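One chain, subunit A, links the two complexes that follow: it is found with subunit B in the first and with subunit C in the second.
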Partner chain A sequence: MKILVTIKRVTDYEAKLQIDSSGNKIKLDGVNMIANPFDEIAVEEALRLKEKHDGEVCVLSIGTADATQQIRAAMAMGADRGILVKTDNPLDCTALSQVIAHVAGEEKPDLVFMGKQAIDDDSHQVAEMVAERMGAPQATQAYKVSVEGDWVTVVREADGGLETVSVKMPCVVTSDLRLNEPRYASLPGIMKAKKKPLDERELSTLGLSIKQSMTIQKLELPPTKTTGEMVPDVQTLVSKLHDVEKVL
Partner chain B sequence: MPAKAGIHPRVVMPAKAGIQNRPQDILDTSLRWYDNILERFGMSSAEHRLLRQTLQNFVAKEIEPGALERDQKEHFDLNLFRKLADLGLLGITAPEIYGGSEMDAVAAVITHEELAYSDPGLCLAYLAHAMLCVNNLAVNASESQKKTYLPKLCSGEWVGCMAMSEPDVGTDILGMKTSAKRIDNHYVINGRKMWITNGVLDASGKPADITYLYAKTGEQISTFIVTPDCEGFSVGQKIMGKTGMRASSTAELVFENAKVPVENLVGEEGDSIKHMMRNLEIERVTLAAIGLGIGKRCLDIMIGYANERKAFGKPIAAFGQIQQHIANSYAEYQAASAYVYQTAQSDMSRLNSDGVKLIAAPMAKKVADSAMQVLGGNGYVSEYVAERLWRDAKLLEIGGGTLEAHQKNISADLLKRGGFESCGDRF
Partner chain C sequence: MSQVHLIVAEYDSNHLKKACLSAITAAQKVGGTCHGLVLGKGVKHFADAFAKYVDTVHYAEHDALEHRLAQPDAKVIADVAKSAGATHVWAAATVNGKDVMPRVAVRLEAAMASDISSVVNEKTYQRPMWAGDITGTVELHTPVQVITVRPTEFAPAEQKAAGQIQSVSVDPGDVQMKFVGFDEVKSERPELTEASIVVSGGRGVKSPEGFKKLIEPLADHLNAAIGASRAVCDAGWVPNDWQVGQTGKVVAPKLYFAIGISGAIQHVAGMKGSKCIVAINKDPEAPIFQVADYGLVGDAATLVPELIEKLKAL
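Coming up: the complex of A and B.
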């Protein structure tokens, strides 16, 4: 089976982020960048499916030329080849889904495997839009994935508990945190990765008319947490919540 | 009065002090076209970066959690050690056909730096296996020996060590007493080896699966591969109570009429000096890399602490004397790092392999000391890590050549050359 996995290059979750002087961008100078952890989980699951059912794992990233690092890292884990659609402008969810669906249309994978969300903007929308554009069924937030014939069965983490759905390929599946623990790239894997094909294309050459439907006006850091305060009894707690915090 | 060296125009130097006339005849250039990682410069910086990132993830998850306990219990964790094989680390420089990862010297340095960032003791055990044993075999052993031993050493099924030092001889290694005499199809070996990292693998006294041994055959030194089934070979003792590097085990080995088959001779009789020279550079540059790991970790520790800890109403980072610890440590780490990586990348020579260790070992000890100072009382207890790294750092000034030995080698080399032009050559 052929699996297309998407990878987004995002800021390290441990990085201390700062806002650029423009007020609507994160300062990226000197900030460590990683592959979106949910995408790494998707790569791992795709590799496991490939090991079981044969086939090919192709990774796709959309972003700056630096995203080759994240693609090569996935190749060092075992992915067979990569595609980078280069653009220096960050795309919003609508535009991203447009590009991914376009590449999926060319590649015709049996399965598009994506992270349920990216940890930078946490939109949690792109995979759903891709499925819609492809006219393909989707199974999101996978906790367990198995394939039989043309069908993918996904146990998904829904609000109320676990839910099992089966979707027919071609389809879109997204990973949740507990799906698996991604393997480490091996050293021989790192050495092999450089010989694997990586197709770099400019976004402008895809012939898409990209429509961004969202612009970021202003970013703010979350308010700094103040230290807690011990209160002597419930009565004081209630009156503080009511009079000072005004949450009751 | 000695001449004012360096101020006069270069022409007054006696003889051109280039590589052409390196003094040691044992460094004859004809020795240099073996299949050695020193000639392997094929990796890109992107691959090196990916290696470092992979290691950082691995170290944070797998190595850091038990580091304190391994130190306290003087425990070499064989299971953890074998996990290094899953990544392909155990044969990092060995050829792929024997199960190795075929990476270069810079990759070996990165690996030692990142492992030592968390656990220098475990890293020393790794070095004894991957550099002192595996790389030595990869560089010096015959095809059939490589085929027999390397795959299992790379896969982690076997653990290797290298036995050179003795109870009565360390620096003066040519004066070793352990002897090997050929009798028919065997060598009969007598003597004792001391301070052998990985020489013993567990509390029951199990010896290493492969001991890469040096012994005298007459006046010359020869190299042998010794396996545990060898009659007359045993572990004398597991050496307890080490100051640091306690996650590695250290042993005394005893050879009493030990019978080693002739096939286990590496190269020819009397070849050892040649063998040692071929492996020396990578050994020392990776020992220096352990110093880099210690320095980097201690910097992280002191910076983090100085920002958080308050005294007199402000973070201690606001005090000039604390800033001095941080700034000096940073600059000294960077200087050592530049020297180590430059050597690994393009300047591997005996001279620099002594030089990098001479610089990186004291740097590590000093930066660890600064970290302890910045942490105050917390610096003095194990939970805050710096004191462990401080204890570990001291080994780098002794093991694999003492500071004095490096000074002796470097000055002997330079004085024989009669000059020094390396900076002029480089820029």
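Coming up: the complex of A and C.
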């Protein structure tokens, strides 16, 4: 089975963020960058599927040349090869989905494994857009994944409980947090990763007419809350909630 | 040019969800005509209910629409949007809304804004990014737009004179997905995203038993919903569906208790809109105290039972 996994390079979730002078970008100097945690989970699940059903795991990232770090890290975990589509201008979700669907069209994977959301823009759009462009079914927010014949059965984290759906391959599946715990790369894995094929291409060579249809006008730090008060004991807390806030 | 809105309804087994009424409010902020869409099988009563909030409800009934499968749903939503001449297609940013609306956007060649927290004008919106650390203002440049709405940021729409209902013909297209089953988390408690009081527990309640002994009785006494941190959901102490935060549910009750929760930004992202936040934590330096209206330092195992006693005495 052939699996294409997408990886976005994002700011570390522990980073303290600042907005640069343009007012619509995050200052990236000195900020630690990581693979989107959901994408790491997707890589892990793809590797487990490969271990069970054979095949190949190819990882794809779209971004600056630095994203090779995240691709190599996925290869060190066990992915077989990588593709980087290089662009210095960040793309919006519509454009990203065009690029990913284009690569999927060339690679013809059985399964495109993505993250349910990127923890920087929190858009939760790209995977579903890719599925629609491929004319493929989707199973998002996966909690459990199993494959039988042409069908992938996924238990999803839905509102109000766990939903099970079956989707026919080729399909798009997105990972939720509890799907698995990604493995650490071993030292031999890291050594091997250096020699695995990584195909770097310029976005402009794909022959796509990319239309950016969304612009970020402004980024702002939300107003900080005027700090509340510490209460000395339970009685004071209850009186405040009852008499001052009137929420009881 | 006047705007035409199509708002997708969402319902569970017996009621329209408040979340989709919030999406109507967001559409009303742009202004124009509001159409509603109810999709499903044998759910005409939800079309009747939804008609009390919008000018026209399109009712799409088909066997293929019985369960919320993204593939047929997206096609039908996009088809109705086209025939209604919609300039804006809206849904709540629930699991279903997030699942289907990006596909609708592709079908309509529309740009999309997710999980918006406010409407600036007919093509500009604000939305939380980076786990709510940053608020972004985004502008969409396509003639048709798709928007999902963070329900806690918009009050549910008010009822008005009932609009008309139109049945629409449905072509679900090719569908390569099947619904298999739904394992519902049954609860007598109010729904987490709709409750006026939420009691949440974190790793500081120590164990599943701790959750039962501290969080449940407090929630029972207050008729509150129960929430949890990711750590507690991951550990399997409580259902995943209870997770509050960036990657879980967003809640904004009038009263929120964070008990034994450190206050990581990813958790705070899901509850900082609450009107009154109470934090109980044994660590006086815990970040949760920075967002709390009232903080109490100490051991939850003794403070929570005392709190329940004092509440009973009110």
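We take it that the second predicted complex is superposed on the first by the 227 of 248 C-alpha atoms of A that agree within 3 Å, B and C clash if a C-alpha of one lies under 4 Å from a C-alpha of the other, contacts with A are read in each partner's own complex, and residues count from 1 in each chain.
By our rule, a residue touches a chain if its C-beta (ideal position, glycine included) is under 8 Å from a C-beta of that chain, and two chains touch if they have at least 3 such contacts.
Keep in mind it's a predicted model, so treat the numbers as computed, not measured.
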item: Chain touching more of subunit A, residue-wise (subunit B, subunit C); value: C
item: First (subunit B), second (subunit C), both or neither touched by A:F113; value: neither
item: Which superposed partner A:M129 touches (first subunit B, second subunit C, both, neither); value: second
item: Touched partner set for A:A76, first subunit B, second subunit C, both or neither; value: first
item: Subunit B versus subunit C as contact partner of A:D121, first or second or both or neither; value: second
item: Which of subunit B and subunit C A:A185 touches, first, second, both or neither; value: first
item: Shared contact residues on subunit A - subunit B and subunit C; value: none
item: Residue numbers on subunit A that touch subunit C, as the complex places them; value: 11, 13, 17, 19, 26, 92-94, 97, 116-117, 119-129, 131-133, 135-141, 143, 153, 156-168, 171, 176-178, 212-222, 225, 227-231, 233-235, 237-238, 240-242, 245, 247-248
item: Residues of subunit B that touch subunit A when the two form their complex; value: 43-44, 46-47, 49-51, 53-54, 57-58, 86-89, 92, 96, 101-103, 107
item: Footprint of subunit B on subunit A - complex, ascending; value: 68-69, 72-73, 76, 184-191, 193-194
item: Residues of subunit C defined as touching subunit A within the complex; value: 12, 69-71, 74, 94-96, 98-103, 105-107, 110-115, 124, 127-142, 174-185, 191, 197, 222, 230, 233-234, 239-241, 246-247, 254-255, 265-266, 272, 275-278, 284, 289-297, 303, 306-307, 310-311, 314
